[in-house]
Structures are given as structure tokens and as C-alpha cells.
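Here's the structure we're looking at; comments come further down.
We just call them A, B, C, D, E and F in the order they show up, numbering each chain from 1.
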Amino acid sequence: MKFAVLINEGPYTHQASDSAYHFTKACLDKGHDVFRVFFYNDGVNNGTRLTVPPQDDRNLQKNWTELAEKHDLDMVVCIAAAQRRGILDENEARRQGKDADNIAPGFRISGLGQLVEAGIAADRLVVFGD
Amino acid sequence: MKFAVLINEGPYTHQASDSAYHFTKACLDKGHDVFRVFFYNDGVNNGTRLTVPPQDDRNLQKNWTELAEKHDLDMVVCIAAAQRRGILDENEARRQGKDADNIAPGFRISGLGQLVEAGIAADRLVVFGD
Amino acid sequence: MPTLHTVNKSPFERTAFGSCLKHLAAGDAVLVLEDGVVGLRKATAFAGDLDAVSGDHKLYALGPDLDARGLKPDDLVSGVTVVDYGGFVDLVAEHDRTQAWL
Amino acid sequence: MPTLHTVNKSPFERTAFGSCLKHLAAGDAVLVLEDGVVGLRKATAFAGDLDAVSGDHKLYALGPDLDARGLKPDDLVSGVTVVDYGGFVDLVAEHDRTQAWL
Amino acid sequence: MSMDEQTIDTEVVKKFLYVNRKAPYGTIYALESLEVVLISAAFDQDVSLAFLDDGVYQLVDGQDTKAIGMKNFSPTYRALGDYEITKLFVEKESLDERGLTEDDLMEIMYEDEDDDWAEKPSIRIVSRTEMAAVMADQDVVLSF
Amino acid sequence: MSMDEQTIDTEVVKKFLYVNRKAPYGTIYALESLEVVLISAAFDQDVSLAFLDDGVYQLVDGQDTKAIGMKNFSPTYRALGDYEITKLFVEKESLDERGLTEDDLMEIMYEDEDDDWAEKPSIRIVSRTEMAAVMADQDVVLSF
């Protein structure tokens, strides 16, 4: 079956990203397709490569990046939500005249249409938030 | 009178940063001292210079930076909370082996002790959160 | 040694506002801001809880937040004083401490 | 066309869990996760609300979240089935849609 | 465009429900939900909006955000008809509990192309039972 | 160190209350509150912790976070006595509403240096009225 996942909260402050990660991993382990993981609202903050969590804690960004690499997972960060919150890739940084970018490997920035597409294309969409 | 302000939420998602900004501005307009504004939890996300809010919306980071410049305001981002969430200054970026930093002008990264100090030094501490 | 309690959450979404009202000491006041202001409307399921404390405690509402949510002073339970951000600062100064019900 | 409703908030902090229970259609099930699991304990102020629906609707709880909050299966109201993340996936697949009560 | 996007059958029309349960301005969820709603209209999907619990405050008339320094996005609800989004379900029990009536809400109209462009109200006040039925009749339910 | 810091009179001892009203793990507030508590001990302040509403779940015994992949920080509460943080007020009404009793909580002890290092419990179950009195008796109240 084809799943899509929506994540509305950033890492660490709310459990949403953790729950979504374990859910997505379980989907893939069971042989399901995950069409797309979409990061919206504060969820875009999962996609920064600048986090340095404590040594004895999980590294959520690294977990997502590795899951994406292993399963060729499409992880999309909403561009409008990302601009409000300061998540940029190299292109966006140049376009906005910013002197740095912070997107993590495995994440790509794209439009909200990608969320609607995921809703259309997937058999089930599951939302994780606050 | 000497005030201190604690902000526990990031920009845009919760009104906390807006309310704290208007409150802090009103303190200063009335001639009070603001000993320190401390950013904790997701509040550290107010301190990134990479946000690009829509043209017709307020720019919270710019508002805070300008308020700090005008009133020589001490704005401290908690280092431990900032590491978890990917807010770094140049020093921290180097120390953590990261290839970029994102702290905005007027914000400085320091320890949680600065919050306790603010509680000790200020006559009143006001908390804004979710 | 009265406290200024601040409440920024709707009583229809969270229990923080109700919990605050149950922990007021003599002389304490409550300032309601952000989404909390929707709890101040009269004739709601929460208005009785407010009436139960408004005799003994001052209730304040942040005007800018009332405006944003389309609430007029006439819409509110009786005994609410509307203040602006400057009035918020004065209230903090006039009370011995502030406690936020997040 | 049954729905799987997901609830991740404590009924003692927010009204989402209670609102979910009032919007169940025939055949719908509820999966409780994250902080929501504290609402499944027996002998609480909320247990009656659960009892009122558990005859007509299946209640599921995410085991990893029960463990984290020190809740044992014996602590829960009757009629709750405990699942892991894999079981969560199966439930989503078995129902026609999922609705999150955020 | 990724490979995945090219596999989407754009002929598919699904029923999308956007569930709004939070007040505006205290959090951004109402605004960012509305931004998705507008995008889904561009995809020609069958879109409904549910307003219940504190979500009913999103439609209250007379919002004035000048003093909090935030953008008043409530006029956008009035423009939804232009995007052929005409089904705004508002729960009566939620209004009642909050001391609100339909008269406290904005007037939101659309022109019905199947009825000689007659102006009709987009807001439909429904009971809790009817709201549950609306929720059960969807393909995709989005909550923020 | 900034100029501001040097002006602090380190002789000042204020009463700090940390108010804990949220369950652990669903959000980070419980953990990050605890991190401030530990720091304030280093400043030799008079520290109390209030646990009410869902905050009482922070002290529930038997927390096991392996399967959610998060760090179990509940043992830190047991170590608070070593930092001379010995006043953990827990509201009885909050326990009752949640079907909990004192027996469901961790045992948290400290050694009383004024009483020949006798072991004493740090958790003090108080009524709602007593909790309100604790709150009213502080210099600084921090909530997360």
C-alpha cells in the first residue's frame, strides 16, 4: 500500500517527528511504499543540518537522512513555511540574498502542491503534529 | 523598575514572540530597564538571520534586532537549546565542525545560567510561551 | 504579596485557564492575552467559572488580542478591565511576581 | 467506510481527546499515542467518557508510549488493545482514512 | 520535478477535508491550513472545510489585528468562492459552547454556476452528528 | 562575560519556583525545565518545584523510553537531593483526577544536613490550597 506522511512540528520540542519517524520506518519495514514525507509548519525545522543534539540523545535529522538514503525516500520541506522559519537550500539562499544555507542531506525544498499531490497519490495520509 | 523576559517559542508558529516583543517595547517606552531577554526551548529559533517572511507580514527577527540596537538590549539564546535546534554563531559552528552559522545580529549565545542570573537581578521576570 | 497570573490559552482548548482560576491566592489578579481572550466572552460554558472568582479577583484582558479575535468589550463577562501593552507592563510592575499558565 | 482517529493529547490538558470521542461514526476506531495515553488509565475523571464509547468502537494504544509514561496494560480502562509501530501501520492500512486530532 | 510527480494521475478527484479546530493568531495553524486549502483548489480537488471547537473563531466577523502587528487573513475566507471552495461546515454545538451564533460569523458567499450564478452562502451550520458524517465521507483528512 | 553579569550581587538568594504542568516525552518542556533547575542549584538559590495537572506524570515510577527512542530523564529527579533541591511539591487533586496515588510516584530522598544527614522524602503531597500558598510565597516563578 502507498503511504504519505505529514509532519507539522519541529524536532525535540514535540514528539511528532519521533512518532512519524518510527511510523515511517515501520511502513518501510513492512514492505509498504512511502510516496512522500512532507514537512510543514514548524516541521520544516527537521530539515536543518546545523543541529547538535546531546551525545546521549537521538539525532533526529540524521535518522531521517539515513532513512531517506536507505529507502530512496522523498522528503519535502514546504518552501513557504521554510522561508518563515529560516530553512534554506543553496538555491533559495542565493535567490533571497542570504549568506548561508542550512538544509540537511536528503531533504528538498518545494511547494505546498507536493503535499496535495501526496494526498492524491497515496492510499493513506497520516498526520503528525501538536 | 528592572524587567527580564523569557521566550519559550519560536517565531510565527506561536504568538509568544510577538507578545513578548510588544511587551518589551512597552517596558522600554515607559522608561523601565530591561535587564535581559532570554530565548529558551523553541524560542532560540527567533535568533536565526535566515528567515524570509512574506512581504506583507512582520519580520520578527528584524524587529528584535532593531529593538536591541536602539536600546542596547541584551538578547541571549540558550546554548543547549540552540544546539538541539540548529542555531549557531561563528564560534559554535567552528567548535561543532559545522560549515555554516545562522545567528542574527543582536543575539548572543550563552549558557542557561544567564536565565537564572536574570531572575536574580531583575525585579520582575515575565514568561511568554505556548 | 499578590501575583499577576497570565493566561494565553483558550479554556475551550486547554485546561490551563481553569487550573489558574483554582490556584488564586488572596489579592491575586489574572491577565488574559492571546487565545485566552476567547474565554472571556459571556454566555459560554466557561463564564460561570469566571463569575465564581471575579468577585474576589481582578480580571484584565489585553485589548489588542480582543480586537484580533473580533471581541468587543460588550461581549465580555462583567468585571473585565481592558488594557494595552503599556497597561500590561504596569500590571506586572504593580504585582510582586508574575506566573504564566502555559 | 470506517476512519482511524489518532489522539496524541492528554484529555487532562486539552479537549481534543474528548472532542474526538464525540465525532466517531459507526465502525470508527481510535488509536491513542504520545501524551494521549495518560487518558487511558482507569479510575480517572475521563474514564467514563471512554467507557461510553468503548462498547461501539475499538480503542488502541501505542505500547511504546505507554511504556515511556510508566503505564502497564493492567492500569488501563478495559477494552484497550496495545499495538506497536507496526500495528499502527496495519491499523492505518485497515481503515479507509486517518484523522488526527491535533 | 521528481520522478514521483510524473506518475500522478491528474484526473483523480479526491475529497479533501481540512479540519480547523484552533483559534486564529495565537498559533499559525489556521493561516497555514488556509494556504494549503488554496493550493488544493488549484489541483481541482473536491475540497471541504470543517470548523469545530475553537476553529469557529477563524470565521468570526470584525477581526482587527492592527494592534498585535499581525496580518488579518480573515478576508481570504471570503475569497474562497472564487477558487470554487464553497463548502464551509461549521458545527453548531461548538458555536453554542462559545456563546456564538451564526450572526457573529462573516458572511461568505459564492456564485453557483449550476444555478445561473445565484449568490449562495458558503457557510453551512451543521450539528455534531452531521459533522461526524461529513468527516466519514472523505478520502483525505488534513489537520494542523 | 558581559558588563551586565558583573553587576549581579551573588549574595542574593531568591525563592525560585519551577512550575511543571505538562507530561514528559510528548513535549520537551519537562526535560528543559529540569535543565534550568539544575543550573539554578549552582547559583545557590532557594529552589522549589511544583508538580500539578499533567506535570505529576513526570514523577511516575517505571518510565521506560527504549521503544520511543528517547532518553529516560526521570532518574535525574532522584539525583536532585545531591544538588540540595529537596522541595518537590505534588498536588493531591491532580493525582486524584488522574487515577494516581503517591505509591505510583518514584521514591525521591535527600539527606538532611541539619538533622544528622537523616534520609527524608523530597516529595511533599499538598492540597490545591497549599499549592496556591506555595506559589504565592515566591520571588520568581518559571513555567515552560
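One rule holds for everything that comes next: contacts are C-beta pairs under 8 Å (C-beta built on N, C-alpha and C of every residue); 3 or more make two chains touch, one makes a residue touch a chain.
Keep in mind the model is a prediction, meaning the values are calculated, not measured.
S.K.: Minimal path length between chain C and chain F through chains that touch?
M.R.: The distance in steps between these two chains is 1.
S.K.: Mind naming the chain pair that shares the most C-beta pairs in contact?
M.R.: The chain pair sharing the largest number of C-beta contacts is A-B.
S.K.: How many Å are there between the centre of chain A and the centre of chain B, using C-alpha atoms for each centre?
M.R.: That gives a centre separation of 26 Å.
S.K.: Could you state the distance in Å from the CA-based centre of chain A to that of chain F?
M.R.: 34
S.K.: For chain E, what residues touch not just one other chain but two or more?
M.R.: Chain E, residues with two or more chain partners: 21, 25-29, 53, 68, 70, 139-141, 143-144.
S.K.: What are the residues of chain C that contact at least two other chains?
M.R.: Where chain C meets two or more other chains at a single residue, that happens at 8, 12-13, 15-16, 34-35, 64, 84, 97-98, 100, 102.
S.K.: What are the residues of chain A that contact at least two other chains?
M.R.: 8, 12-13, 15, 19, 22, 41, 54, 57, 80, 125, 127, 129-130
S.K.: Mind listing each pair of touching chains for me?
M.R.: A-B, A-D, A-E, A-F, B-C, B-E, B-F, C-D, C-E, C-F, D-E, D-F
S.K.: Can you list the chain A residues touching chain D in their complex?
M.R.: The touching residues are 1, 3, 8, 15-16, 19, 22-23, 25-27, 29-30, 32, 124-130.
S.K.: What part of chain D is in contact with chain A in the complex they form?
M.R.: 6, 8, 33-35, 62, 64, 84-86, 88-90, 92-93, 97-98, 100, 102
S.K.: What residues of chain C sit close enough to touch chain D in their complex?
M.R.: 12-16
S.K.: Which stretch or stretches of chain B touch chain A in the complex?
M.R.: 10-13, 41-42, 45, 48-54, 57, 61, 80, 83-88, 93, 96, 98, 100-102
S.K.: Mind listing the chain A positions that touch chain E in their complex?
M.R.: Going by the criterion above, the answer is residues 6, 8, 35-36, 40-41, 74, 80-81, 111-117, 119-121, 125, 127, 129.
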